[in-house]
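Structure provided below as structure tokens; questions to follow.
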Amino acid sequence: ADEIELNYRLKWLFNTSVAGDIYADAKGYFKEAGLKVTVREGSPEKNAINELELGYADFGVASADQVIRALDKGAKIIVLAQLFQVNPMQWIYRADQPEIKTLADLKGRNIGITFGGNDETVMNTIFTKAGITKKDIKITGVRFDFTPFFKREVEIWPVYRNSQGVILKDKLEKEGEKVYFFNPADFGVNFVANSIITSEKTWKSRSEVVKKFMAALLKGWEAAMDPANEPDVLIDVKKRDKDPNDELRRLQLIATRELIKPSASAKIGTIDVDAWKQTETIMLNEKQIKQPVHVEKFLKN
Amino acid sequence: MLFRRIYQFLIVYSIGLLFLLLIKSVLSLSDYVIPGVGLIIETFHNVFDTYFFDVMNTMSVTVLGQCVSIAMAFGVGIAGRRSSWMGSFIKVTAYNIQAYPIVALAPIIFILLGDGFLSRLLIASMICYFPLLLSVLGIMATPVVDIEHFYIITGRMRWQLEVKIRAFENLSKLTTVISGSATLAMAGTIVAEFIAANAGIGYSIRIALYQSNLAGILIALFMIGIVISIYQGCLETLGEQIKTRWSVSKRGNI
Amino acid sequence: MRLECNNLNFTYPDSDVPVIKSLSFSMETPGFNAVFGPSGVGKTSLARLIAKMESNFKGNIDTRGMDTILYSYNLERLPGWSSTGNHLDRVTPEGKQPLKDRLIDIFELKNILPARFSKLSMGQQNRINLVRYLLQDFSLLIMDESLANVDEKLRESIILSIKNLFADKMFLYISHNLMEVSGFCRDILVFGKPSGNKGCSIIQGRDYKKGYQPDKEALDRTMLEIMNAI
Amino acid sequence: MLFRRIYQFLIVYSIGLLFLLLIKSVLSLSDYVIPGVGLIIETFHNVFDTYFFDVMNTMSVTVLGQCVSIAMAFGVGIAGRRSSWMGSFIKVTAYNIQAYPIVALAPIIFILLGDGFLSRLLIASMICYFPLLLSVLGIMATPVVDIEHFYIITGRMRWQLEVKIRAFENLSKLTTVISGSATLAMAGTIVAEFIAANAGIGYSIRIALYQSNLAGILIALFMIGIVISIYQGCLETLGEQIKTRWSVSKRGNI
Amino acid sequence: MRLECNNLNFTYPDSDVPVIKSLSFSMETPGFNAVFGPSGVGKTSLARLIAKMESNFKGNIDTRGMDTILYSYNLERLPGWSSTGNHLDRVTPEGKQPLKDRLIDIFELKNILPARFSKLSMGQQNRINLVRYLLQDFSLLIMDESLANVDEKLRESIILSIKNLFADKMFLYISHNLMEVSGFCRDILVFGKPSGNKGCSIIQGRDYKKGYQPDKEALDRTMLEIMNAI
């Protein structure tokens, strides 16, 4: 039979945090659904929303802030599923530093922030919430290498919990240092991360394809997050991911599982509408969008 | 000369912008992919002040970076002009460092120098100096026999004189390359800012990029273009003056 | 002291026709001597060999006792960044200022000293170039068409002055002007045409000094002798 | 020549590495700031295969990118050599585009060309071509009066001939610049891969950076250095051959 | 048809000393004419004016009826990427092959055609350069020291052949060889020394043709006349 050809643009490089996407492809779930899906890596310069509009991609992964910003600028996109139930964007710090038990514990610390990134948005929200002003803390601009954190110039450093977080934790543990993670969600700031999106046009005119794709993809994710499949998943990820370190990959998979499927009963892909609304509010407050976009209208689980 | 440069830049920029807008309207893309005129103008009002100071900031590093890279290019070019072992060793070093993309070297630079002004300057000059080096090497390695003969046979040749003779004979090539490399110094500074993220237009571009704010990027490009045109226009005028002052030998013109 | 070549053979590296074939000659030094011969016969090549600017020749060139051999030619240029007068000053050794002024006078260069080299006429360029060589310390100066673009009258007075001022030096004058070579030079190395098999020979020129009385007949005889040797 | 390049590179690399290790031991930095010898060797074993193929992959784009950029540089250089309005317009365009850091242009390139091979090639050539352009412009804009006079006064001058004369007279400068620009083509390709993220050593570097794997980066730099030395050695040999074949006029050598 | 200058004045743009001051003369065409005078007097400058290579002069130059004016000089070079023979072929217009072969013969260039220009001796370079000009279509050819580095015998035979082959063309021969100019040229424009105030004058040369009988006395008279005019 003729397979339907589809392009699927990820948000970032192949690694363990896209295990489900890789697994769905590797195990032939797409093929079973009569789809021929090309899964592509992403980067800051290449974003899925652009590609949906330009027709380079049919489905993609984008973070909630990207989605809301695009809606603000008139893009016609639909959110089909929310992959991360817990935002992997967290902050790492050494255990020999005072633990952050309340937001007030942030005061007086040197905190890393990626200017323009959504960690800045999140951290600003936290500051507002805790009544922390710029005078109370020291902020350092973060770039892609971790030297300032390694050299203890910056104490609290933003990382993706399930990828870099695992790597850094491992590196520091090898030197006998323990680490903690600061997760904004623990303090009531829920900022949604990666979601599956498609264009409104596709959603309306090819609803069958959308259904098939989502079913296959979520099936892949469910299977990939099943601890029973762990060895198998790791093998398939390794084929795409270039890192030779198998143990790290295993740890990353475990960390990913906790973010995607925080409890055994949680259904993968569930859209947390309240979190989305909060995300929109945060962005509105941060003046990242000009007027409300009512994101809940575009969430179609 | 200067005005010509500026309005020519405006033409180039307009053509580019019109082209993008054309694509937007043909493919009916949203403001998110390619911003419309309204959004661009709005963004312009919003960010002009910030970007203006950013570009000026960048510019100051650019000028300094270019000076450093001219010095570096001449240093390496002069040291590496001979086909001796040492000359070729210096060239190999210079070439290999250049083959390393700055993104790969940046972590090492940051480890060594921290992420302040110095790193930014170093990265800017490293990006800018290599093209200069290539030209300087080419020029410095080519003897000007008709002029050098006298000094060689009378034992008066010193390396300073050799360099001076070759530089002077190729003055117009050198001024072309030096004033042209201003753009590279600018690009280098922006890349450095992009990586080191604390100030300058490169930093603003990075933020705009993270927020998929193409309108912001287009405006940054506009400001960069204007400033670089002015800077380069000035350099060219300066180059012309140096040439007339030094009264370039129009050889063969009898 | 003498300049002597024994069974000299030379072929350019990328060529297979020898330029100089078993050349032997000797010249007394000091003196104003010449190399003469048709175009392309190898005068410049020989000069460069003597000045040690080419190697890879066979045979032997004896320049014992001559410390400094300079080779000048008529395509040389002075750097352009300052006036010719300035350049001249810079290459004038300590104590030779009076000589410099003398030469500027003889070469009629006073007016052009403020000009850049590239703005000079060809003859002016040739003259300023030769002057700077004469200011150096040398035992042998080879002048390869160094006065080619200078008018005859001035050339004559220049040559006579040089012979007068540098009586203890050796010169090798390469020129295509038969009368000049015959009249002013002492030993003339004449290259025969490569096609003929005349080889090379040394012919005695008239070696006129300042205030000479032209002896037309003798000069004609020398000229004829040279023409026959070619 | 080739071997010299390689072992000279090895010396350079070793010095750099020793310097880093020295800093490590002097400041007693831990393995995660600067990796120790053990870690480097271990990483080398782990990644050698992957990186080797990555570098080869990058190399293929580099060669192509360099060809494209040589073509572009000559195209623009020849078109922009005149001091006419059009000439200066072309120059302004070329210069301004160059002043834009590739990171700012990349989003636009991806919008226009997608993220396939073509974007990677374009970015690589854009980074590589500009230094070439500067040299070519300098050379193409300087008349060789003694040779050109005949063709001009007899009305035989065509632009092809003019270009040929000027290129030939500056052959050694051009070969220096062209073989030197190989490193830039390499750096350009790596940056393109870094941004376009799908293959090549640039892609691996990005991953290594993301994983804070400095040992991996050091090994990538090593592989890049070796390969570029070989490539450039070959180019230089080729350049020498072209020069002897075309029998460079040693002007002034009488 | 004639070459005529009326009250010509010329100063180089960046200089304030006029090079040519109220120069007026006229020459019949065709003919083998000359410009003669001391070094630096303005011969090359005048030639470039006539060839329209300089503008900004005052006065007027009448070259009516002469379509193509070529200016050649002795520092020109041929491109280096192929042999001189090849270059010659490429610039030989349709139908002039026989002329080319003739000229190669006269200029004694046969042997050097396979060589690159940079490998030639100076006289060889001068000759090959002049030949390519002679192969072009022209009404007036200016030869600025174009044969400066060629030996006298060959130069004589070249000049005579040119006069013979191109009897309907005009030539302006610039040379420092008084005897040659006096003997072979018809109208000789003599520049007086700038320091003196002799101005310029046209003097009739002997205009020898092929197979001429040298008339020593007449020649000496012409030479004297020229020397007096300087």
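Think of it as A, B, C, D and E in the order they're written, each chain with its own count starting at 1.
Rule of thumb we're sticking to: a residue touches a chain if its C-beta (ideal position, glycine included) is under 8 Å from a C-beta of that chain, and two chains touch if they have at least 3 such contacts.
Quick caveat, the model's predicted, so the values are computed rather than measured.
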item	value
Shared chain contacts [subunit A and subunit B, defined touch]	D
Remotest chain, subunit C as reference, centres from CA atoms	A
Chain pair, most C-beta pairs within the contact cut-off	B-D
From subunit E, the most remote chain by mean C-alpha position	A
Gap in Å, rounded to a whole number, between the CA centres of subunit E and subunit A	84
Cα-centroid distance, subunit C relative to subunit E, in whole angstrom	26
Where subunit C and subunit D are represented by their mean Cα positions, the distance between them in whole Å	50
Gap in Å, rounded to a whole number, between the CA centres of subunit D and subunit A	36
Contacts with 2+ other chains: residues of subunit A	45, 50, 54, 144-145, 147
Multi-partner residues of subunit B (each touching 2 or more other chains)	33, 107, 111, 146, 149, 206, 209, 247, 250-254
Contacts with 2+ other chains: residues of subunit C	14, 44, 73, 75, 121-122
Of subunit B, residues touching subunit C in the complex	146-147, 149-150, 153-154, 156, 164-165, 168-169, 246-251, 253-254
Residue numbers on subunit A that touch subunit B, as the complex places them	44-45, 47, 49-50, 53-54, 66, 69-70, 73-76, 114-117, 141-145, 147-148, 288
Residues of subunit A defined as touching subunit D within the complex	13, 40-43, 45-46, 50, 54, 56, 144-147, 150-151, 163-164, 167-168, 171-172, 174-175, 242-245
Contacting residues of subunit C [partner subunit E, same complex]	12, 14-15, 37-41, 43-44, 74-75, 112, 119-124, 126-127, 145, 148-155, 176-179, 227, 230
Subunit B to subunit A touching residues, read off their complex	27, 29-33, 35, 39, 106-107, 110-111, 115, 195-198, 203, 206-212
